[in-house]
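If you scroll down you'll find the structure; I have some questions about it.
Chain IDs A, B and C follow the sequence of writing; residue 1 opens each chain.
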Amino acid sequence: MKNRASVIGGLAAILFSFFVFVIPFLFIILMSFKDRQQASLRDFSWPNGFHLWDNLVAVVSTRNWMMVTAFVNSTIMTVTSVTLLIVFAAMVGFVLARRNSRWNGPIEFLILAGLMIPPAVVPTIWLLQGLKLFGTLHGMILIQVAYNLPFSIILYRAFIVTIPRELDEAAVIDGARPLDVFFRIILPLLWPVTVTNIVVQSVGIFNDFTNPLYYLPGNQNATVQLTLYNFQSQFNTSYNLLFTNILLITIPPLIVFLFFNRQIVAGMTAGAVKG
Amino acid sequence: MSVATATEATIGHGPVRAGKRETAYPGWFLLPAAVIYAVLFLLPTISSLYFSLTRWTLFDATFIGFENFAQFFREPFLVKGLVNTVIYAVVTSSMKVVLGMALALLLTSRIVARGYLRSVVFFPVLVSTIGVGITFTVLMHPTNGMINEGLALLGVKGPGWLTNPNLALFSVALVDVWKGVGLATVIYIAGLVAIPKDYYEAARIDGATPWQNFWFVTLPLSRPATATVITLSFIGGLRTFDLIWAMTKGGPGFASDTIASVIYKQYQAGFFGLSTAGNVVLFILIAILVVPLTMLLNRKRGHE
Amino acid sequence: MNTWKTLVGLTAGLMAMTGMVGIAMAQTSLTLFSPNDQAAVAYTEEMVAAFEAANPDISVEIEVGPGGTERDNMVKSRLATGTMNDVFVYNTGSLFQAINPIQTTTDLSAEPYMATILDSFKQTVTATDGTLHGVPYGQAMGGGILYNKKIYEELGLSVPTTWDEFMANNAKIKEAGKAPVIQTFGDTWTSQLFVLADYFNVQAAEPDFATKYTANEAKYAGNPAAMGGFQKQADVFNAGDLNEDFGAAVLDDGLRMLAQGEGAHYPMLTFAVGTIAQNYPDLVSDVGYFALPGNDAAKNGTTVWMPTALYISASSPNQEAAKKLVAFVASKQGGCDPWVKINAITGPFLIQGCELPADVPPAVADLQTYFTADGRTAPALEFLSPVKGPNLENITVEVGSGIRTPEDAAALYDEDVKKQAQQLGLPGW
């Protein structure tokens, strides 16, 4: 009896999820198969022919293969800044969770402020220029780290509280130095919440649209979200290419997702919830 | 335990004196993050406070005192924008709580195709906001959008999702929930999985109905998850910009303007001082709403 | 410790990769910041190819950025921070004044080619100290009504010269089951045409409106002539003359409906004829143009838009090469021939010695007739006064959707432009 109920419930859920979650993606895929004239109607119809390959070629080769540059840039930006974020945020979270100093209050205020205050664009540009970092990937990476630190620190801090203090104290008594304690003992234990961080932050940074627009001008610096501008202007839009582009830039997050799918829930269990 | 705390407190106050055992938690661990954050985020933010008191063309700035703040509050649509912002944040975060909890219950039950369902629900979280915005703008087209064509098959005449001024804000909020409910669900799943089985066992022995099970065991014990979902989605809702901009640009007219979109419009128009003042106002609004909320959520947690 | 080293190594390696950009060039390399609409990109590519062929020692890299208000933002941030490309394309008229051109762009007043550029254009790139800063990057455009000539033939209609005639035509078109007026508020900027294109009629009634407006002596609210545009937009909405999906349709939809005869009138700029020619080459001959009618048939004429301009960034280290490129764009080979070659003719050229080809689309030929007669053109207000409110397009969407009355809208717009005038530091505000 229970089994049948779960099968019926499951089928209903599958049907529902198909309409709500799958059809929008089918729509994107269908659009990317169409030619320009048909796509401009923007309806849910079967493509009049197989134009996916033409569209892909057009999207990838537009503006001197800008898409390729964009993928390289976005990958470097995402991987580097997520790496730095994880190490730095975990270090902060570790110290914050373990030490009760009078600085904890102000630090927590700064972290909350970082979550809440929208960044000031023009002063930041001046500053980056002063540091000779404007329009460079280095600068962009550091900006991403600065803007996303608060969220990562919050996740790490909550998780580290659940790791028994005896572990690191024992290591110190054995004569281990702080860096060794952190990298050899603590960081590996943080893996579940690190996965959460990797997934959420890499997707956020890869999909970031506004910050590269301001801090990373220039063709050689294009990131993937900016490629959407190639096909959507205020005067005309090539919907077939626009949706092919959306399809293409959804692939990297999809890979991250498939890779970490099973561990996402585990990381959340430990990280975000027990704090 | 109290001894340990006392030792830490002393370490926290000053440099470690020679002869004492080395701490495993050196203060310089904070340095890399602190430097990057202070230089690239705090410094520009603080300097922007000055510009909020000026008429600023980017090329030069004239000091005009609090005139920008006065002007910002005179903006004809600011009040509407304020109300919209709060409505948007409340609607999206409460829908994410309710739907996230419901989906999590469903997806932790013994349902078929659980893996598929979890993946499908979570996947929109990963797609670019701009991409989602473009797609749903097309799907919500009043006459040949897929949603209204689907409704027409059922004999219902669909509304102008994004063109009806009374509906536009809610339509965008709906898409926000569509995109964000996966994250809420995962947080809840994690929370539900963490509830020790003993509680349900005890409830079963007491003869609790499924409803009582939910009301007296699941709901209170998943409060930490609720706190996380509310905090993240509420702050996110108050700051929301990308999706609204991609879908309605605050329109039709000014119907779906939020504070963030009003600020952005001032910035676009070249009123840089005014938009900086707007940023300050937004920050104060968020602080006024969020700080008490987090305190409330945390206090309740303390009683558990 | 190993993990630490690996992490440091990995990070350092990735950071190093990001630094490997910038190989030394033997020749001068310019970057050009172009808008992203199809015609502009096609022209830019064509023009740059011709320029590079003529100047083998200079290479030009095209960077395509967003258009519209997002472009305003980027151009201002880049100029203010000295990070603008060597040469860039940007609006003329009121938006040109807002980029602080005397400081941020190179003075081109002494260049010999300025003598060959028409005065009507030059006044839109003249800074407050009288210096000239840009050359035309395109052709003049008309702003009025694009209409479907087939529908007019079938229903036996004639081109209206007064608003009442226009509304009468609309009634007949509606009876025939077509949408009389196409509106596309999915692209909000298209909603402003009724107000902006009505400026010829405003000027006909009040010749000194622009000067008074700049000096804060004339307003829209309470001024029937100035409010005409808002009123007309409300008229067509109240008469139920719009296409069903006016709230969500975008420019592309509007052009399709017009070309395929689903709708009869589309208030638009004539640059759109180029898009129709590309998307529906067989149908472009069905599309004609007439000025937005006023109340007096004796005073009938069209409002004219100037094209965007090419400027040199004052912070560019490559002034010499940049000036060569700008000179090329100001010449017939660089400024006119490429447009003819890519078949994107939307109005008269602004460089002397450039002729329109004989086979221009009918809408462009219609526009040309206004230029050949005296006193039948007026520049749009944004080229006569630096005062233009940023929220006009949102206000006109409201008027065109029946959310706000014309009176309310005019008052609200007067309030909106005040901030702009104060920001520019104009006297009298």
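The definition used in the following text is that contacts are C-beta pairs under 8 Å (C-beta built on N, C-alpha and C of every residue); 3 or more make two chains touch, one makes a residue touch a chain.
Bear in mind that the values here come from a model prediction, so they are computed numbers and not experimental data.
Participant: Among the remaining chains, which ones contact both chain A and chain B?
Facilitator: Both-contact set = C.
Participant: Please state which pair of chains has more C-beta contact pairs than any other pair.
Facilitator: A-B
Participant: Can you give the whole-Å distance between the Cα centres of chain A and chain B?
Facilitator: 16
Participant: If you average the CA atoms of chain A and of chain C, how far apart do the two points sit, in angstrom?
Facilitator: Roughly 37 Å, centre to centre.
Participant: Measuring from the mean C-alpha position of chain B to the mean C-alpha position of chain C, what distance in angstrom results?
Facilitator: 38
Participant: If I count partner chains per residue in chain C, which residues reach a count of at least 2?
Facilitator: In chain C, 77, 80 touch at least two other chains.
Participant: Note the residues in chain B that touch 2 or more other chains, in rising order.
Facilitator: In chain B, 58, 141, 144-145, 267 touch at least two other chains.
Participant: Provide the list of chain A residues touching at least two other chains, using ranges where the numbers run on.
Facilitator: 87, 121-122, 126
Participant: Within the complex, which stretch of chain C touches chain B?
Facilitator: Those residues of chain C that touch chain B are 69-70, 72-73, 76-77, 79-80, 98, 100, 103-104, 185-186, 188, 244-245, 247-248, 390-391, 394-395, 397-398, 401, 403-404, 412, 415, 419-420, 422-423, 425.
Participant: State the interface residues of chain C toward chain A in the complex, per the touch definition above.
Facilitator: Chain C reaches chain A through residues 1, 3-4, 7, 10-11, 14-15, 17-19, 21, 31, 35-39, 61-68, 74, 77-78, 80-83, 187, 189, 250-253, 256, 271-272, 275, 279.
Participant: Under the stated contact criterion, what part of chain A meets chain C in this complex?
Facilitator: 36-37, 40, 63, 76, 79-80, 83-84, 87, 121-122, 125-126, 129, 134-138, 141, 179-180, 183-184, 187, 213-214, 217-220, 229-230, 233-237
Participant: Quick one: in the complex, what on chain B touches chain C?
Facilitator: 55, 57-59, 62, 71, 76, 137, 140-145, 160, 162-165, 249-255, 265, 267-271, 274
Participant: Using the touch definition from the top, list the residues of chain A that touch chain B in their complex.
Facilitator: Listed in rising order, the residues are 2, 6-7, 9-11, 13-14, 17, 20-25, 27-28, 41-44, 87-89, 91-92, 94-96, 98-103, 107, 110, 112-124, 126-128, 142-143, 145-147, 149, 153, 168-169, 171-172, 176-178, 181-182, 200, 203, 207, 209-210, 225, 228, 232, 239, 242-243, 246, 249-250, 253-254, 256-257, 261, 264-266, 268-270, 272-275.
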